[in-house]
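Please go over the structures that come below.
In what follows, chain A forms one complex with chain B and a second complex with chain C.
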Partner chain A sequence: MLNYLAYAVAAWVFLWGLYGIVTSKNLVHQVVCLAILQTSTYVLLLAIGFKIGGTAPIFADIPVGTPVVDPLVQALMLTDVVVEATVAALLLSMVVKANEVAGTVDPEELRILMG
Partner chain B sequence: MSLTTAIPFCVALPLIIAALLALVSRWIGRRVCDSLAIAAAACNVLLALVILRGVWSHPLIYWFGNWWPRPGGVALGICFNVDAVGAALAVLTATLTLAGLIYSWKIFEDTENHFQPLMLIFMAAMCGFSYTGDLFNLFVFFELMSVSAFALCGLKTLEPAPLQGAFNFAIVNTVGAFMIVMGIGLLYARTGALNFAQVGRSLGRTPADALVLLAFLLIAVGYMTKAAIVPFHFWLADAHAVAPSPVCVLFSGVMVELGLYAVARIYWTIFSGTLAAHEGQLREILLMLATLCAVVGGLMCYAEHHLKRLLAFSTISHAGLMLAGIGLLTPKALGGFLIYVLSHGTIKGGLFLSAGILLHRHQKIGEDHLHGCGRGMWWTAALFVIGAFGLAGILPFGTLLGESMISEAAKSVQQSWIAYAFVFAEVFTAGAVLRATFRIFFGWGEPAPTDKSSRVEEKPETEETRQRTPAAMFLPTAALILLGIAIGAVPQLRGTAEGAAGVFVDSSHYAQMVLDNAAPAPPRKAPEEPLTSSIVRSSVAGALALALALGSVFRKKLAPALNFTRSLELGNSALRAAHSGHPGDYVAWQSLGMAAIGGLFAWLLH
Partner chain C sequence: MSSRQRTTLFLIAVAGLAPLFAWGFRNLPPMGDYRGPYGYAVTQVAVYERHATDVVNAINYDYRGFDTLGEEFILFASILGVLLLFRPSGDDHKGKKQAQVEDALPVSDTLRVGMQAMAGTMVIFGLYIAAHGQLTPGGGFQGGVILATVPLVVYLSGDVKTFEAIVSNPLTKLAECGGAGGYAIIGALAMLGGAHFLTNFLPLGQTGDLFSSGTIAVISVTVGVEVTGGFLVLMRSYLREIIEERLQGEE
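And then the complex of A and B:
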């Protein structure tokens, strides 16, 4: 039951992230919504790797046969975190520049190319 | 050193040189920086060609850290699995990067913007993307190429338009990337594996359930966002319109196509077994998307007057054609896709560089502003005309061969109607380029009607004298466009490409090769059909494009009946309004598109 709840949370957060991006009126807010959308992937990966009663997958000091959580998903998640940090930093730097150059952080007002 | 151990260098070398350049560029000066970057790209072209020759007869597999699967075991390591299709795309990547770097010799006066290192990282990521045999590795290279692409797109940070374009590009593509992560997560949850072959074997041939379908949907939509398939395409026009011309070459020439390549790779290695029972329905869904993409891209292309944006929409239209090459789900169509990608990439790259030459000479990019400005630039005009007919896919071009294979394959699965969509795409995209050429270089007819985007000022990329076109700009442009013809002259190209595609789609053999260390089977050359019907069809398309362009330019002089060309040029207002320039709208379309395709999946595949 707990497992399914985590998947539902992942989907829920993903959809709210999408909603935030779609309705956002501020570029900074929009980048944060993207980060929220991203956290849904963390929840999903955690739910996949989690095992009830499992311990950390450090095999040096645990007896053979101890149940452990999946060590692979933490590697995936770490990569995911790095990716998100890079993208968010790049996007926020663009927002800073947009504020300097165009004097606005409203995506509505920044629309120059269209149609 | 065997060739297999040389494969990772295609990715590692440019990354190392990029890091070095970023570190020391402020001391070594602009020219040294340029030369090093060009040398690195040239090395990659050579290396990629050697690898292509090596994998011509059979694929090569490189296991990182020697973590190859032991007999009876499972694939725990990460591998590069290079076959002829991936290797050919890496050659295209390196070639376009080289052309872009040579072209940029005369633009960007300093190294402050890290243009050269970013280009090298972009190239390395795309080479890795076409070589890898691992699901998560594919995603990592996808993100590496995305992030360097976002930065390259927003390079001109002193103007608002590039910031808008790069921001929209980044938001939409990153949402797509997270869909991919979710899909990968679901697949990993089901199979416990990330290697293509391992995942594919675990899923086996049991019919797909909802979880597997959802995973396929998420991954396919994520990669189709990169591939600019309607309705996931909105970012592309904004990004291409503002990116520096040599960057557009890589965007349109190979980045978009790699998105489609990923869909093909994922489908055949992972999902072809489990979705085998639904092949017919899946084909119909993909062909529907392809047609929509070809038509929307074509109409918008003809309605644009900002040259780079016009070319961007032509890429969207041609992406529909290429999606059909994959969506027909036959090896012959996939072979056609490969040839089409190679020749389209070089021709479109050449056209973007030609547009860049106009920007250099006249500091303008709108067709209306440039009216008659190009008189005397006959060589550039010639490139535009040749490029336009290349888009139409007439006789000497490689695009003809690719398109003919896709149409032949369509005939064999009773979907020959798709050829009409191809003609539509060819007529409108080639017609739009010809129309712009006539107005800009010959000054014929009335000035073009203006639109919102064509009024956007773009600061020129160059500071040099504007009296002549530097050889460093003209030569790579001409070379790219001529390469689009030269590809068609390779003997036995169609049979060889179909053979390579045959290896690509043979998923059980792929799995045996990766997991059981089975001997690779040599590709079989397929017999080639006569080209007659394709030549006729493409000649008709070329003639229609020419007529459409002339009709648009001379409509006042000729006949009132030609007034429909004016409405074509003004475009459909609802379609235009959809391209609103607002990243939120684009993500809304993306979600809607995914929901629609998901609905079709649920309806047709269950």
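And then the complex of A and C:
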């Protein structure tokens, strides 16, 4: 059971992020929830790539052939960490504009005002 | 739809999602029992084929270089979007905003000196991380973020003028665009020699040397330039009004 715990954590983080987005009363909060939701993919990717006894896939000071964890999933999430930050910045700039236009950051009120 | 209705709908959806999750995770190997052949193969060949000891970056900037190019353009497009949304508008609501900007907090000497001492170290560290991506953990993405944090440290030390000078420098936009374009150009250069797009065409050098691994090191640095420029442009866009207020306050 413990072997599957990491996958359960990924699902757990994903669902709480989703719950936050659904129930959010503030657009800034909603963007943060989306960022949290996205981190669940990091947990999942790293869990899939992990190997018992494996070390970091850097062969600067270890011989080739040493058991290492999967570098591919690390490469996937590495680029995403930075890209995700800029996407969050884009979303937050939309929140600023929404606040300027509608005077509120509550998605509920925003709907009524712009409806 | 009321928030209660929405939550109910969410819970129903989650009830449907739960079996899907369980079904999706069912055939995954237990954690630690890694079975992917691709990761295994690439760790075996990367050091010999590409003379790069950091296999993660060998994948990022070479084996899956095209993928990373796409990611880079997501970054580029997001920053472009922020610039577009925050472009200076003709109608000035300055009077309204002036009331919102609080007075700058007094900066203690400890904070100021500490931050200024830190800024120099961070520049060196960021350059080191960005330049050694092919050898040790790091590379353009990480180094770029560290370098872009330096002006924020300067800002924290209370030196708004220097911060403004750094982030409003036209070079930041050049770095942002040149970094993104440079990646694509390096890829296209390989095609001049008749090879495929993003082929590693530079001499690979001695494994473990700073100037090794061919285009991996070059692309890593290019990405570093882009990330640095991009984040500086972001800071400028977000803080422009506050900076203007604070600079006016200082005069």
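Odds and ends about this structure:
Criterion: the second predicted complex is superposed on the first by the 106 of 115 C-alpha atoms of A that agree within 3 Å, B and C clash if a C-alpha of one lies under 4 Å from a C-alpha of the other, contacts with A are read in each partner's own complex, and residues count from 1 in each chain.
In this section, a residue touches a chain if its C-beta (ideal position, glycine included) is under 8 Å from a C-beta of that chain, and two chains touch if they have at least 3 such contacts.
Predicted model only: the values in this text are computed from it and were never measured.
Once the two complexes are overlaid on the shared chain, A:36 sits clear of chain B and of chain C alike.
Looking at the shared chain after the overlay, A:57 reaches chain C, while chain B stays out of its contact range. Shared-chain residue A:45: touches chain B; no touch with chain C.
Of the two partner chains placed by the overlay, neither chain B nor chain C lies in contact with A:105.
In the overlay built on the shared chain, the residue A:78 is in contact with chain C alone; chain B does not reach it.
Contact with neither chain B nor chain C is seen for A:9 once the two complexes are overlaid on the shared chain. Residue contacts after overlaying the shared chain place A:97 against chain B and chain C alike.
Of the two partner chains placed around the shared chain by superposition, chain B is the only one that A:27 touches, whereas chain C remains out of contact. The contact surfaces that chain B and chain C form on chain A in the two complexes overlap at residues 18, 22-23, 48, 72-73, 79-80, 83, 86-87, 90, 94, 97, 108.
Per the touch definition, chain A reaches chain B in the complex via residues 10, 14, 18, 21-24, 27, 30, 34, 37-38, 40-41, 44-45, 48, 72-73, 76, 79-80, 83, 86-87, 90-91, 94-95, 97-98, 101-102, 107-108, 110-115. Partner chain A is touched in their complex by these residues of chain B: 136, 140, 143, 146-147, 150-151, 154, 157-161, 163-167, 170-171, 174-175, 177-178, 181-182, 184-186, 188-189, 194, 237-238, 241-242, 306, 309, 451-453, 456, 571, 576-577, 579-585, 587-588, 591. Residues 3-7, 11, 15, 18-19, 22-23, 25, 47-52, 54, 56-60, 64-65, 68-75, 78-83, 85-87, 89-90, 93-94, 96-97, 108 of chain A are the ones that touch chain C when the two sit in their complex. Of all the residues in chain C, the ones that touch chain A in their complex are 3, 6-7, 10, 14, 17, 21, 25, 28, 30-34, 36, 38-40, 42-44, 46-48, 53-60, 64, 67-68, 71, 74-75, 78-79, 81-82, 85-86, 135-137, 139, 141-142, 144-145, 208, 227, 230-231, 234, 237-238.
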